[in-house]
Structures are given as C-alpha cells and as structure tokens.
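As written, the chains take the letters A, B, C, D and E, and residue 1 is the first residue of each chain.
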Amino acid sequence: MNGALALTIALPLLGAFLLPVLMRVSVAFGVWIGPAILAYGCWILGDLWLTGSMQPFSVALGGFAPPLGINLYADTLALLFALAAQLLGLIFWPFKLDQDSARRQALMLLLVAASTGLALSGDLFNLYVFYELTAVATFGLVAASGTSAAYAATIRYLILSGIGSVLTLFGIALIYGQTGTLNLAHLAQLAPEQLSNELGLAAFLSLLIGIGVKAELFPVNTWVPEVYATASSRLSAFLAGLVSKLALLIILRLLLLVFHQPEAAQVILILGILGVVSGELAAWRAKEMRRMLAFSSIGQLGVLFIAMALPDGQGMLAVLALALHHLVIKSGLFMLADGWGGALQRLRGSAAASPLAAGLFVLFSLSLVGMPPLPGFWAKFTLITELAGQTEPLYLMGLTVFLLATVVEAAYLFRVAAIIYQSAPQERRPDEIPKAGGLSLATAGLFGAGLIATTLLIAPVGDRLQTIAAQAQDVDLYINTVFPATPGASQ
Amino acid sequence: MIPALTPELILYATAIGLTTIGLAGVVLSVHLFRMVLSLVIAEAGVNLMLVLAGYRWDAVAPILTSLGEQPAMVDPVPQAMVLTAIVIGVGVQALAVSILIRIRQRYATLDRWEVAERMDADIAATAGTPRDVSQEAPLGERPLPPIPAKRVDPSGSES
Amino acid sequence: MTTIELWIALTLALMMLSAAVMVLLVKNHIAAVAAASVVSLGLALLFVLMRAPDVAMTEAAVGVGLSSLILALALRRLGLWEVDGKTVKPNPLSLNREKRDG
Amino acid sequence: MGNLTGLLFAGGLGFMLLAIAGGLDFGAPPMLIGSAIQAQAPAETGATNIVTSVVLGYRAIDTLGELSILFAAAASAGLVLGRRHTSAGTQTEGGFILRTGGGILFPLMMTIGFYIIFHGHLTPGGGFQGGVILAAAFFLPLLARPGAKLHHSTLSLIEGFAGASFILVGLLALAEGKAFLQPLLIQDTLGQLFSAGTLPLLYLAVGLKVGAELASLLSRLAQTEASQ
Amino acid sequence: MTLTLLDELLLFSGATLLVALFIGRGLAAGWMVTILYGGQLLTLLKMAALGYGGGIIASSLSFTVMGQNLSWRFDALSWFFALITLGSALLSSWFACGAWERSYAKQGGNIWLFHLAMALNVLSMLILLASGDLLSLFIGWELVSWAGFLLMALAGGVATQAAMRYITYAMAGGMAIFGGLALVYSSSGSLQLDAVLIAVESMSTTKLWLLVILFGGGFGVKMGLLPFHLWQAPAYAETPGPGSAFLGAISSRMGLFAILLVLVKLFGIVNIDSLKIPFTLIDARDLLAWIAVFTIIFPTFTAMKQNDARHLLAWHGIGQGGYMLLGVVVADAMGGAGGLLHVFNHATYQAALFMAVTAVIHRTGTADLNKLGGLVVRMPLSFMVLLIGIIGLAGLPPMNGFVSKWLVYRSLLNEGMPLLFLAAVIGTLGTILSVYKLIHNIFLGQLRVEHEQVKEAPWSMMAPMLILAAIIFITGLFPGIPLAWVASVQEVVGLPATDYTLGGVESVSGSLDMIWVIGVLFAGFGIGAVIFYSAGRSKRVHQLDNYAGGHFLSADVRYQYSDNFYAGLMHLVGGWYRGSFLWLEKSVISLIDFLSLVMQGLYRRANAEFYLLSTALFVMAWVVI
C-alpha cells in the first residue's frame, strides 16, 4: 500500500512523457489523461491519509535502504502537501486547447510531479533535482503565455533561479564533503556532531538563499512581481499558492532536522522581517491587481519566514496554519484576478457586474488581514502568541512589523474593495467593465467555500493541525521512521 | 605570505574561482547572452566542487576491474550527482537561449536594462496603468529603440 | 596524486580561470563561447585526474560538445555571429553592452 | 550600483567560500554511504561501474527527475520557439564533404552511441554520453542539408516511449511486489552485458530519450535559423 | 442542554440577522426587523436582575480552538451597554421604517443592505459585550469594527472614503490590541480573565506600561480619543440617517466598554496609577485623564466650525466620549457613576439629535447649516426634540446630561483636580456655543423661501424622537433609574459604588436631587409665565415684519444670520487648531507612500542578481567572522 506513494510521482511523469505522443493520436482522449492521473494521485494520497494510522512511514525507492538509496518520507505534513499539489494541479489544470496544449499539459504534469516530490522526498540531492524540475517546468509555463513581457520575465527568473541552483549545489557539496551522506534522517543523526559549526552554517545559508529564490525570500524574490504579472492567473495561483510553500517546507525541514544553530534562525528572521516590510509596502502603491497580489504574497511569505525562525520548531503550528491559509487565499485571489487583472482603477463598478466575485474578494481579504472568526485570524493568533513569548528583542520586532504590516495590508486590500464597490463611471459602457466569471470564478468560489467550511469547523481543523505540527516537529520520530530498529520494517 | 601550493588549494581555488567568476559575470554583465554564459561557468565550478567532495587520495575510479580484493575507490555518489547536474545544466541553458532568441526578436536588444524597461512598459500597457516615471526617464518619454525591420522575423509573431 | 598530476592540475586550473575571465571580458561573442568550451574542456580533463571517468566523458560530450553547439547555434540565430569583433567597447567594465543599431 | 562594487562583492564571496571550504577534509572524505555502496553495489545491481549502479540503482529517481528536466526544457523550448518552419526550400545545401561525411558518419556515430550506452554498466559511459552522441548523429544530416526535415514526430515518439519505458520498468518492479525502480533480473555473474539485469535497459531508455530530446532541441535551434 | 437567557438573546439577534438577510428585500421588512429588535430588548429585560446586582449569566455556547477556551457571558456591565445598544437599535430602526425608507430607496439607496448592516452591528456588539475572555473580546471587537465599516460605507462616495479611513484606523487599533493580547498571553499563558487578573499582579512595570499603551491606544481608536479621533466624525456623519443615530449613540462606546473591562477591571486603576512617567509628576492615569480632557476640548471646538449639522453632532460625539473616560479615570464613586451615566445619557440625546437632523434632511434635503433657518414654524415638534436634545448635550438642567456632567465635575473637585475641572468647563462652554449654532441655524431666524411648504416630519419618524425626548427628560428628573444600573456596573468593574436615590445621589461628598432642582426650575418658569401673561401687553408680529437700517424689508428679502456663524470667534481661536492632527495623519500616510515607492523601486528597477550576491556575501562573511 505504502509503495503506491511512488506512483504519485511516477504516474504524472509517465503521463507527461506520453502526452505529446498521445495527443497527436487522439486529442479527445489525450485531454483526459492528465486530469485522470492527478485524480488518481489524489485518490492514492487521500486513501493513505484516511486509512493510514497517521504514523509517518518511509518508502525506499529502488528497494535500497535509506542511507544508501533515496527514500520518500511521508508524515502527515508531507502527505498533506503532496495531496495539495495533486489537488491544486487538478484545479489549475490548463484546459485551454490549442496547438501548444500538449506541451503545456505535459509541463503541468511535470510541475505537479516535481511538487509532490518536493513534499515527499527525504534526500537532499533528490530535493534539488525536483526543485530544478519545478523551476524548468515553471519557466516553460510562464513563457507559454507568449507575450514579450513574459519572455523577459522568464529570463530574469531563469537567471536568478540559476544562481540559486549554483548556491544550492554548493551547499550540498559542503554538506556531502563534511558528512558523506545526503539522506535527511542520516544528516539529522550526524548533524549535532558534524554540522553544528561554521561550515554547517555556511552550507545552510547557501541552501537557504538557493532555495529561497522559489520561496520568495527577500531579497532573491525580485522575479515575483514580473512573473506573476505576466504568467497566466492559474499558473500564478499555483506558484504563489503551492510551490513557494513547498520550498519553504524544505527550508523548514532542514532547519528542524539538520541545522540547529541559532544564527540560522536569526538570518531567516531578519530576512523574513525585510520581506514583510518590502512586500507589504510595495503592494501599497501597486496600481495593478496582479502585481499587488504578488507583492502581498512576498509579504505573506515573509510572515511565514518569521514564524519559521522561532526556535526549536515552536513556530511549526503557526507556519503550517499560515501556509495553508495563504495557499487557499492566494489561489482564490489569483483566480479572481483572472477576470480582474490589470489596472485597479478599471475595476470601478465590477461589483455590480459580478457580485459573487466581489463578495469573494471581500471574504478573502478579510481572512487575509485576519478578521475573526475566519481561519486567517487563528493562523495569525498562533503566530503572535509564539512571537510574544520570545525574550529576544528581534522577535518582538518581528511581531511589531507583522502587526503594522497587517494594517497596511488591510488598507490596500480594502481600497481595492472600495473601488470594486464604487458605481461605474458614466462614460463607460457596461461591456467595458471587467467581469470575473466562468471557470475561474467557480474555482475561486470553491476556495471561498473551503474557507467558510474551515471557519465553521475551526476546532477540529485546529486540533488536526496541532497533531500534524507535533508530528513534524519530532526529530526522533523522523529518524526512527527512516531507520527503524528492525531493518526492513519500514516497508 | 604565500600559502603552499597544495593540491587542495589549487583545486578548491579553481572550483570556487570558477563559481565566483560566474556569479560576478551574472551580476556585472549587461548583455543577457553573457549572463547565460556566466551561469554556465558558475555551474562548472560547482560541479568541480561536488567532485572534489568525493575525491580521495590514492584511489582509483569507481569501476570494478577484478573480482576479489578491491583497491580504494573514490566516492561514486558525488560523481553520479555531477552527472545529473551537468545534464540539468545543459537543459536549462538550452531553454535560456531559446528564450533569448525570442526576446531578441521582440525587443531587438539583449541589453538587460533595456529589456527590463521594455518589459515594464509592456506590463503597464497590458494592465492599462500609467507607468511610474523613473529617473531613467526624466523628462517625458524616452524613446525606446525601434525594432529594426531587418531583424524582425516576419514569422516571429506566429506564437 | 603525483607531482606531475599536480602540475597538470595547476596548468589546467590556470587555463580554466583565465578562460573564465575571458568569457566575461572578451568583446566577441564567438570568442566568449569558445572560451566557455575551453573551461569545459579543462574541467573534463580535471575530472579525469580526479578519477571520475564517467563525469569526464559526460562533461566532454555535454559541456564541450553539446553546450558549445547550442550556444553557437543560438549566436547565429541571435545575429551575434560576427567573426571580427567590430564593436568598440567604450569602457572595459561595462560588460558587453550591445551596440544598438537604432 | 557600480561595477566595481559588484566585483568586490564577488571577490569577497569567493574568499569567504574558500575560507569555508578550507574546513573540508580534502582527499579524505567521510565516504559514509560511498563505501557502503561500493561494498554492496556489485551484488545488488550487478554493475561493475559503480557510478552506473548509483545512477540507475541507488539514485534512479534522480535520473528520472533529470530526464524529466531535460524533457521539460525541450518542451519549453518548443513552446517558446513555436512550430518549425518549413520554408527551407530556398536554402542552399551544405558542401559535398559535409554531405558525404555525414552519410558515412551517421551509422558510425550511431554504433558508437549504442555501444557506449550498452556498456555503461561495465565501463565508463552510459546513457547520457551515448545519448549525446546519438543526438549528434541525428543532427549531422541537418548540418549537411539545412533544409532537411528531421522527423519530429518520430523523435517525439522515441522521446515519449523511451521515457515511458524507464518508468514502466520501474513500475514493473512495483507490480512484482518490489519497490518502485528496483533493479530486476540481477545475475550473479559480473562483468557481462546481461549481468546487470534491467540496468542496460534503463540506460537504453535514458540514451534514447536524451538523444531524441537533444536532437529535437538542436534542430529547433538550427531550423528556425534556416528560415531567417 | 437548556438555553440560558443569554443564549436566547444571541439566538434572537442571529434570527434578526437572518430575517434581514433573507426577507429583508420584502415589503415591511423594516417593521419586521424593528419588532425583532423589540423582542431582543424584551429578552434583555428578562435579564434585568443583572442591572440590580444579579449574578453572571453564562452562555452555553463555548468551545476550544487550538487550546484556547472561548466563552461568552453577561454581567451588569454587559447588560448596561446591551440595554443602550438594543434601545438605540430599536428606535433607530423604527425611525427608519416607513417614510425614511421610501425616500432612501428613491435616492438609490439599498434598504436591504441597510437593515442587514444594522442587524449585523447589533449582533456583533452583543457578542462583544458578552465576551467572557480576552480572545472572545478581540473576536467581538473585530466583528464590531467590520460591521461598522459596512454600515458606514453604505452610502458610497464620500462615505466610502470616510469608512476607509475608519477601517484603517480601526485595523491599527485592532492590531495594537492583538499585540497586547499576545503580550498578555506570554505572561499569563491563558487569555481567561481570572488568569490575567493573577498575571497582572506579577507583571513588570515596563510590560504594564506597554500594555496600557497598546490597549488604551487600541480601544481609544474606537472611542475617538485624541489623537486617533479624525476618522470618527466624517464616518458617522456620512452614514445613512438612522444609521448615524445608532452609531453615534453606541458604536464608539464599545471602546469605553473594553477600557472598562480591560484597563479598569483587569489591570485595575490602582495599578495604572502606579505607572509613573519618569521625570514628571504625572502617571499613566493622569495621562489618560488629560487625554480625555483634550478629547473634550478640541473636537468640541472643531464642532463649532462645522457647517453640516451631522458633522457638528458627530464631532460632539467625540468630545462627549471624553467626559465618560474622564469620569471613569477619576474612579471615585461619583466620577465613575458620572462617566457611566453619561454613556446612557449621551446615547439618548445623541440619537434624538441625529434623528431630528435626519428629519430635517428628510423634509428639506439638506443638512447645510448655511442653507437652513426658521424651520420652527414648520416643524415645531422636531424643534422641541432638538431643543431637549441640545439641553441634554450642553449639560444643563432639567435634562439628563446635567446629572452626569454634574457628577463628573463634582468628583473632579472632590478629588482635587482643579485644572482638569477647568478644562472640562471650557469644553462645556464650547458645547453650549456650538449647539446654539445648531438650533439657531436650523430652526430660528427667518424661514427661507424654498422651505415655505415644508411639513412636520412624518409620525413614523416623530414617534421614536418623542420617545427619546421623553426618556431624556424622565431620566433627568429621576436619574436614580439608570443610576441603579450604573451602581451595579461599578461594583462589577471594581469601582466604588455610588449611593443613589431616585432623584440623584446622596453622599457625604455631595448630593443632588433632580426632583428638587427641576421643581424649582419649573416653579421659576411658572412665575415667569404668570408675570408674562398677567401683564397682557404682548403683540403678535409676523416674522417678516422687520426693519433694517430704518427701512422696511420687502417680503422677498430674507435676513439670515446663519451664514458663517461665529466668524469672529473662529478668527480668535482659529489659529489654535490649524489641523495639526490632520497634518500628523497626512505625514504618516506620505511616509508610507514614500517607503512604498522605495520598495517598489527595489523590486522593479534593481539588479536582482546583485542583491543575491550581496546577501550571500554578507551572510557568509557573518559566518566566517
């Protein structure tokens, strides 16, 4: 049963390889392959989630026991994000049919497979490979929109990401040179002796900056506004919603398992604070929906980094809650931006044209700024209580910045809401008013419904998140799962 | 003081030197093609670094020549990783140049600042926002370089 | 690693580093691509010294051959295939600012 | 920002990295998993080239990921560069030597490529190196006759099925109740072509995929140039 | 599970919201909602024992989220505020029904949204008032903020802008409270009131200071305390008529409720008194008192400048909040009673005044004080209500405002705070001047030509206004009725309770019996009337029977004193408030704007790779060194 986990990565890859061929044979058949594979992936993961004993397990790929071979590590956290990857892949599936749809769908499958791999893999270099696969698939998908600006944005992203991979590889080289292993569990065993020194710290920082490119870490996130402004909304939603969280998850795992230096947390904290400040402030002046969302996304990721910097994984629950919350909200908002992209001033009167979309926008905004009893409030609450409990002034500064940024965020989000609800200018014809509608509105509605459902079920959801966080925080559990006392029992 | 010319100094210096030169090139280059080239250099340096991480004194290549007693071998794992990394690198590079080709067709330039400016203008035009006036465009409109007719691929607009 | 190997390594290292610097500074794009493939070549040879024949072969095939081919093809398509570098750089540190024809 | 600042920063970074890397124990790596793999690899995978056993056995999923990256890059480049132009009729052909040479070289390179691929588990070389040579072999006619049509559909067929067979071999192991990508049919004898079970098969898939991928990439880069 | 009375109330309120939501578009929806408010009020009255020292009524609604217990309950404090909330909601909603609704809809307003927003406001306020721990307090707080935003933004245009300003302020306040909450949590490990009470005792002075600033500032934003008061007047004034009556009556008092709960009940006035400001003679409590006094003075004089009746009233609302805080901060039996009683009194006359002004707008279509006048002959009942209201507002006998202000003044004198007393009296002076402007410019002077045909306000509007006027007078005559509730509130929040009688207070430090005061007053009126009518030499003249400079004025020339009222006074004091708070607000906004520009530049025009490299260098250098 657990072996089926590998299928969630293998099948999308298989589908991607075969899709161009099959689409040539029969388009009508080909278009269903991708969604079918992803739906099956969802089913596998959902099945594991529901029937599993909630105990983490490890799958050795190729049948080679973990420190030698590569393993997939599936605790509830990893399963959750793997499931999110497949599910969001399904939701944001590029349905559009044209001459490029085979390639685009293949790339999307690759992106989903890579995201799933990022969530599950327990090997450092393997993570790097999936990370690169995510990057390359993203380049292709961004460039697929075919505008000149998209190409320019892609090349900027590509070059930044290239530097990121150079730094990541450098960090991996340092770690391997020092410890001689790449397995995260093995590293976790060795780290207290071998990596709690300058070299370990340097390796971590290289990895942090390298992987941070995707996680929208300040200041290596300058690609974000352009890419989100030029890519299709569905892709932006996937990138901002999921991929950034997965990169963050890797950094979190590294921090938790391998690198325990307080300096590492401090760097993350400082960069996180700068991210919040720069992102939220830049969004304040944004004149255009997607750029505003992109900047706001940078700010939110900064908040996540602040949460992550809490010592000894105390921020795990906050990170998890904030990440999931942001995933839902940003996906929904980008879906709305599908119809409402472009200048904010053009949106005057759109509420009358599409009231549901306007309502969803307000709902998402309210949750984003943390209005109780919406889930965003609880996520923020878990963060600030942890932050206030710290004695170091830097954490309190993080708290202050976070609170002030929320005010700024509320101001610019509701400025947009006010514009939407303004009556349309007289000189505009009704058909000039941007409408949010169709599939993207339905998708946004899906996220909105999820948000409301979570609001109603906040108590059980909160309990579940706490168990997930507790499990993810447990380093010994991780090591014992990957290296069980009786060999082979993990299978 | 001149440090002794030990092998590790030479090799590490080469690896890190290549990486650094590559990174510096990416930062300093104005031409996008050179940025891609610089990335190639940086990747080469990191690959060397990875191989160095598995190098062992007086060892042989990790290939069995005879059964029975084995001589010391260098670590095969980094080599496998470098194999992967090299191929990944070339894939990214190919993608990069194909995007460059398109940019050159559309913007008639590969100067990064000009490309960035054109991109900004493009995004603003698509979104319908007025462009922020920057220091780079102090008075009124600074004319962007026109796309010369001979460079335009007549079929370049097919996608 | 024997002394001879050490010297070879030193030579290769110097060659690679200077080629790498050339990649950035040389005016002509073709020369830059050539310099990049010199770096790859040196790397491949160095890998042989490092007892990594597989990697060396790959680097030789991919880095020296394929990558240079891709870059060269790209140069032709980019219209930067100018064998004699006629463009004059105003400032050596403004790295390869493209001459504008507009 | 001044270029000088950038230069200084880069130099500083290099110095810092060197200072950090100096902490590594050069020439005496810990080789925790390295030596374990050396000890077990011949028995577990049946390959004498231990790098191959790592690439296709212990870290096979990395290789799969790498193939996917190459595929993604090729597909993306295809997306970016769009459809091939077939306006090649006006192009002049390559010189006589190139054409004839191409004719002779093609089978030769194919042979070499496949040889390298199939002996990847025994000697240095393997799918990647062989694949590149295959790609070069495919690309040669294109150089010789710029207007020549590369069979893109064939290429993508090879590409798709090669990649798929890599995964299918892996899934076969899963279907047999083993782990995904576990090597099958390992023989006890070492040093022969079929001693490594499915590994040469995997390398064949890798080689074909890499070859097809790169060939289509190269042709795409070269072909549109022809139309300019 | 049996439903407690509080459950019933909350369910009732929720049902009202649902009715407004689903059948609010139908005919007579307003009446239905109004009746439901009446039902809520009745349910509340069933809990009347709370107002007379009864025990706490808990809600059976409580749950645990992420380790936090949330519970809701009512005590005397909640009950007192809920009474005012529901009373003003009932009367405002009643006022809205019928004629006003029709004309509002005719002008393009969405009456469904209006009732929905009102119901939402009431429900969220009840939830806030019922909060049983700090977390539920914050939840209720935010709900009230956003519900208020909805009501304020309804009218669109200027109103939306005012609402935006409000929500920005409110978010800032909310975040200050949120931060305070986190700090409290870090030292008590729980947000239950009991745990916090214990934790406060062992808190360091610095932390307590920080908390007082955070909570005081956060709650003060809603109260409109200086310097966070700028949002309030425009936001309340631009709300649709009955909405502004409701908001003006109770909304900003939620801030006072929270201050009473957190600063007074949990932290304790004694603890706050012990927070000395270094190098000065004053402490945190004095600081609060002075803030309260300045909140009385500045907005009151700003009110005088207003030319829009609604804005004038809204500015007064800010100023009157100062009296309440001042009374509470003085914290003796009389001051506390005065402050709390003023909440009740203010709600009554503020609602009456806003309604009267809305009635005038309904009939004339304008609230511009320069374009009205002489309406007393056309709308005599509205004039009566407005007159009663401004007497209450100015704090003159025989109306209820006099009682509460008298209590506050008396306590200031008793406690030996003459400077504060003086300042408060200056504030009252401004109040009297500006309410005179209000009544004069609307109702006195000559009737304008365009208002010749104006009729008295319709009865649907008149009835709630008259009820309010009656309450203002009755509670002025028998202040003992609300004082009974106030006394139990004082007990609950830990202030000394006042000794009240039906006619006022009776204690060693001072006594007041309104029955006597009013008796004497009316006796005086009676004597005057007897003299006036027994003389019998009066003559009725027409309003236009005037001379100017020795000439007769023809009937088409009207003589208006109302334009640019108090010009001379404004000239004298104008220099004192050149809008320094406005300047402060603008400078904060432009600072943010500037920083935002810098950050955008950082992202859009910069060399990303350079950032990457420099970051890498810095972190590496940090590692090595």
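Everything below uses one rule, namely that contacts are C-beta pairs under 8 Å (C-beta built on N, C-alpha and C of every residue); 3 or more make two chains touch, one makes a residue touch a chain.
These figures come from a predicted structure and were not determined experimentally.
For the pair subunit A and subunit B, chains touching both partners: D, E.
The most central chain, judged by C-alpha centres against the centre of all protein C-alpha atoms, is A. When the interfaces B-C and B-E are ranked by C-beta pairs in contact, the top one is B-C. Subunit E has its Cα centroid 64 Å from the Cα centroid of subunit B. Each chain gets one centre point, the mean of its Cα atoms, and the points for subunit B and subunit D are 20 Å apart. Between the CA-based centres of subunit D and subunit E the separation comes to 75 Å, rounded to the whole angstrom. Annotation for subunit A: residues touching 2 or more other chains are 100, 125, 129, 132, 136, 139-140, 143, 151, 156, 159, 163, 170, 174, 176-177, 180, 182, 198, 202. In subunit B, the residues touching two or more other chains are 7, 11, 13, 17, 19, 21-24, 26-28, 35, 47, 49, 52-57, 61-63, 73, 75, 77, 79, 81, 83-84, 86-88, 91-92, 94-95, 97-102, 116, 159.
Shown for subunit D are the residues that touch two or more other chains, namely 3, 6-7, 9-10, 13, 17, 20-21, 24, 27, 29, 31, 33-34, 37, 49, 51, 58-59, 62, 65-66, 69, 72-73, 76, 79-80, 83, 124, 128, 217, 221, 224, 228.
The full set of touching chain pairs reads A-B, A-D, A-E, B-C, B-D, B-E, C-D, D-E. Here subunit C touches subunit B in the complex through residues 1, 6, 9-10, 12-13, 16-17, 20-21, 23-24, 29, 32-33, 36, 39-40, 43, 46-47, 50-55, 58-59, 62-63, 66-67, 70-71, 73-75, 77-80, 93-98, 100-102, going by the rule given at the top. Against subunit D, in their complex, subunit B makes its touches with residues 7-8, 11-13, 15-17, 19-21, 23-24, 27-28, 49, 52-57, 61-65, 67, 70, 73, 75-77, 79-81, 83-84, 86-88, 91-92, 94-95, 97-99, 101-102, 153, 155, 158-159.
Those residues of subunit D whose C-beta lies close enough to touch subunit A in the complex are 17, 20-21, 23-25, 29-34, 36-37, 40, 44, 57-62, 64-66, 68-69, 71-73, 75-76, 78-80, 83, 153, 156-157, 159-161, 163-164, 167-168, 170-171, 173-174, 178-183. Listed in rising order, the residues of subunit A touching subunit D in the complex are 3, 6-7, 9-10, 13-14, 16-21, 24, 59-64, 67-70, 99-100, 103-104, 106-107, 110, 113-114, 117, 125-126, 129-130, 132-133, 136-137, 139-141, 143-144, 151, 170, 174, 176-183, 186, 197-199, 202, 491. Interface of subunit A with subunit E (complex): residues 156, 159-160, 163-164, 167, 198, 201-202, 205-206, 209, 213, 219-220, 222-225, 263, 267, 271, 277-279, 281-286, 295, 317, 366, 369-373, 377-378, 380-382, 384-385, 387-389, 399-400, 403-404, 406-408, 410-411, 414-415, 418, 421-423, 458-459, 462-463, 465-466.
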